[in-house]
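Take this structure, written in structure tokens, and hold onto it; I'll ask about it next.
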Amino acid sequence: MRLARLLALAVLPFIFAAVSACSGDDSATFKPTPASTPTAAPTPTPTFGSVPHNVGGSMILATTTSTVDSGLLDDLVPLFTKITGTEVKVIGVGTGAALDMGAKGDADAVLVHAPASEKKFVDSGDLIDGKLVMHNDFIIVGPASDPAKVKGLKDLKAALAAVASFGPFISRGDDSGTHKKELELWTTAKIDLKTVKNREETGQGMGATLNIADQKSGYTLTDRGTFLALKKNLKLTILFEGDLSLLNIYHVYAVNPARHGGVKNAQAEAFVAFMVAPEIQKLIGDFKKAEFGEPLFIADAGKAEDAVGR
Amino acid sequence: MAELWDGLREAIRLILSGDSYLRDVAFRTIVVSGSATLFAMAAGVPLGYWLARGRFRGRTLLLSAVNTGMGMPPVVVGLVVWLMLVRSGPLGGLDLIYTQRAMVIAQFIIAVPLVVGFTAAAMQALPEHLPDLLAVLGAGRLRTLWLLSREANLGLLAAIMAGFGAVVSEVGASMTVGGNIQGSTRVLTTAIVTETSRGQNDRAIGLGIVLLAMAFAVNLVLTLVQQRRLR
Amino acid sequence: MEVRFQDVRFLRGARCILEVPSLKFAQGRVTALLGPNGAGKSTILRLIAALERPTAGTVWLDGASASPARPTRAKVAFAFQDAVFITGTVRSNLDLALRLRDLPGEERATRIAAVAEACGIAPLLDRNAHGLSGGESQRANLARALCLQAPLTLLDEPLAGLDGPARQQLLRELPSLLRTFAATTILVTHDRDEALRLADDLVVLIEGRVRAAGVKRDVFRSPPDAETAEFLGYSVVSSLEDGLAIAPGALRIGEGDVTFDLTVEAVADLGARRELSGWIAGTRVALPLDDGAAVPGVGSVMLVSAPRTAVVRW
């Protein structure tokens, strides 16, 4: 019965696969190496006294795609799991979707960077125990030739007006934190979207959007981190930075267990405590500093909200 | 064009270096899509046979539904399964969301109409009196199904290839119900999306080539089995 | 095995395919189920093999009702009209049939060898079952049923699709094959010659109803009505008296027990013999014309006759 044997051989890997999938062990046998290079200076073993140990269980963290793409969580989450014993499912979606998940109780903790949008959910009581974590900033990048003459301008409004009158401007257009920030900036500068010359919405992530801006020699608003990571492949350069309005501020919240029965509150609170723990704040400040020559994030835990960036 | 070459080089580099990220993601792709296809065959072949040979009211209606199901957008399946499994959904208590098992469930739903449709077609092409012959010879239901499957094996192998091909290449459902969590629910297709969104196009193409190579290898084995049978 | 039909009706949709209030197939005998195409003969076999269920009534096999249960099925061997095989050699097809009866390997090999020899398919055993000619596959199909040596053997048109010499040969061999390998046999055919050569008992089925059943000789010599008689090959002369039929091959030229006036139509030269055809009161008949006899003119009237036993009246 050669056929039977052949078929059995062909089916065997699939049976093995089925058994693996059912055994409930979600992580495959192989553990991937972390995306970033480890930080250079050896530090004394931290004690993480402020973070609860032996919490166990699992939790869902809703955050944004750009946060995931920065690679920061690839370093922090395994550390969190080691300390607390809690497995974290990091779900990277658009800011709107992440806040929505919090509002519905589909996530246990939320880490986002759109304070204006977050306010609504804090007021409604869905997100509680919010803590300021860190910030990075947005920059305006464009072609090296800079036809709109943005470089050298000191005022944000002037820079935006210059870009608007010359174009093309490439927008994320995907309801992400970056997209929301962009719309906020146009509104504050009193520039009507329709008057921005050759404005296009890509509907895609920051990396893809930067590639498109590069192809079209256009201007775009980007977070510093993504730009630094892709700089070597792009012909774009930084043309404006530093205004306080360009700050991108991150908060972490736990989802209110009183409003949503199934949330894993112990794990979520442990995560909140973790993100603002002094040891983690130091790691955040050192993240990719060696690689890029400058820090990607500035740690802010404990500061007053309006003291950020000053 | 240059990016395609970069992608090819990246693919070769990834494979030859035994990159552990690649191994993790590729292995998981086989586990998830392979088991979903296996379950879809287990459920779909008997269903397909019943649809082909059964005589009951509403058979034509059911056949049309199956054929429509073959063209169902996987991303829609993913959304529906997500709504069912998410914490706030009816089956939220099962804690299945963002797990491999959830992905297998979604891919199973995507593959079943394909398997049923192909099996029904293959069974209908069999000689009309073959099931009767097996019945009078005394073959039980399971034995009959096995013997008929052997007779229809060309069509059934096509069913496996179609089912596997559909789920190993789909991204919408896997992304939505799995969450694309690195080390846990990330598969080749969702990894490609991640790399693209980060602008790492050469890595994306590299992963794409690996995916194609994997699908090709599976189909090669199945086609070899199929062609041997013909002789 | 004795088979009995009791108050059986079989409907497909709104159509009544079979209506058989009472029918018996005797144990240990070969019964030919004879009738025109579409009469419902195959349906009767399917009801016996429990491939269909009667809409009303019961089919009894040795006192137990026919059912698809394995023990009952094990007692029935069925050769379908179209020979269907699974992919593989002829040997593997026969082997499958025997394996499904839970026979051990050695016995299977013995039986296959015996029946292959008897049916003349021994050289075909290792050939691909789907590569056989019409005659070869009919024999293989038959061999598969016979190797089971079941208490009841059902054959649906065993000589279907066979031509001339192949048909004649199998027709000659069948009686001894049935005696060796079959206990009770029911065979379906639309061919009168086949039925008469192979059967002990005859059942005539026309349009779903049993017209005649019984020992071959009795059925043949006493058809109950014109339709049955016609199917059995009689020449039915309808306009003469109430009903009269002449057995096939019974007419001769000249004087005899019962005489008729024949209006000559034509003489046909069939190579080995000559045949005279004509009309008896509006019904066309044929009879042999001796080589030496003179050819009568067309339209002339001749006296023909048949023995008393060959003429049936109602």
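In this document, chain identifiers A, B and C correspond to the written order of the chains, with residue numbering beginning at 1 in each.
The rule is simple: contacts are C-beta pairs under 8 Å (C-beta built on N, C-alpha and C of every residue); 3 or more make two chains touch, one makes a residue touch a chain.
Keep in mind the model is a prediction, meaning the values are calculated, not measured.
Set against the C-alpha centre of chain C, every other chain centre is closer than that of A.
Of all chains present, the one whose mean CA position sits nearest the global mean of protein CA atoms is B. Averaging C-alpha coordinates per chain places the centre of chain A 85 Å away from that of chain C. Chain centres here are Cα averages; for chain A and chain B they lie 32 Å apart.
For the pair chain B and chain C, the distance between C-alpha centroids works out to 53 Å.
Contact of a single residue of chain B with at least two other chains is seen at positions 150. By the touch criterion given at the top, residues 20-21, 23-25, 27-28, 30-32, 34-35, 37-39, 86-88, 92-93, 95, 97-101, 104, 150, 179-185, 194, 196-201, 221-222, 225, 228-229 of chain B touch chain A in their complex.
Residues 2-3, 6-7, 10-11, 13-15, 17-22, 24, 26-33, 58, 60, 65, 69, 74, 89-92, 104-107, 204-208, 210-211, 226, 229-230, 233, 260, 262-263 of chain A are the ones touching chain B in the complex.
By the touch rule above, chain C contacts chain B in their complex via residues 49, 51, 68, 70, 73-74, 76-78, 80, 82, 84, 86-87, 96-97, 100-101. Residues 127-130, 132-133, 135-140, 143, 147, 150-151 of chain B are the ones touching chain C in the complex.
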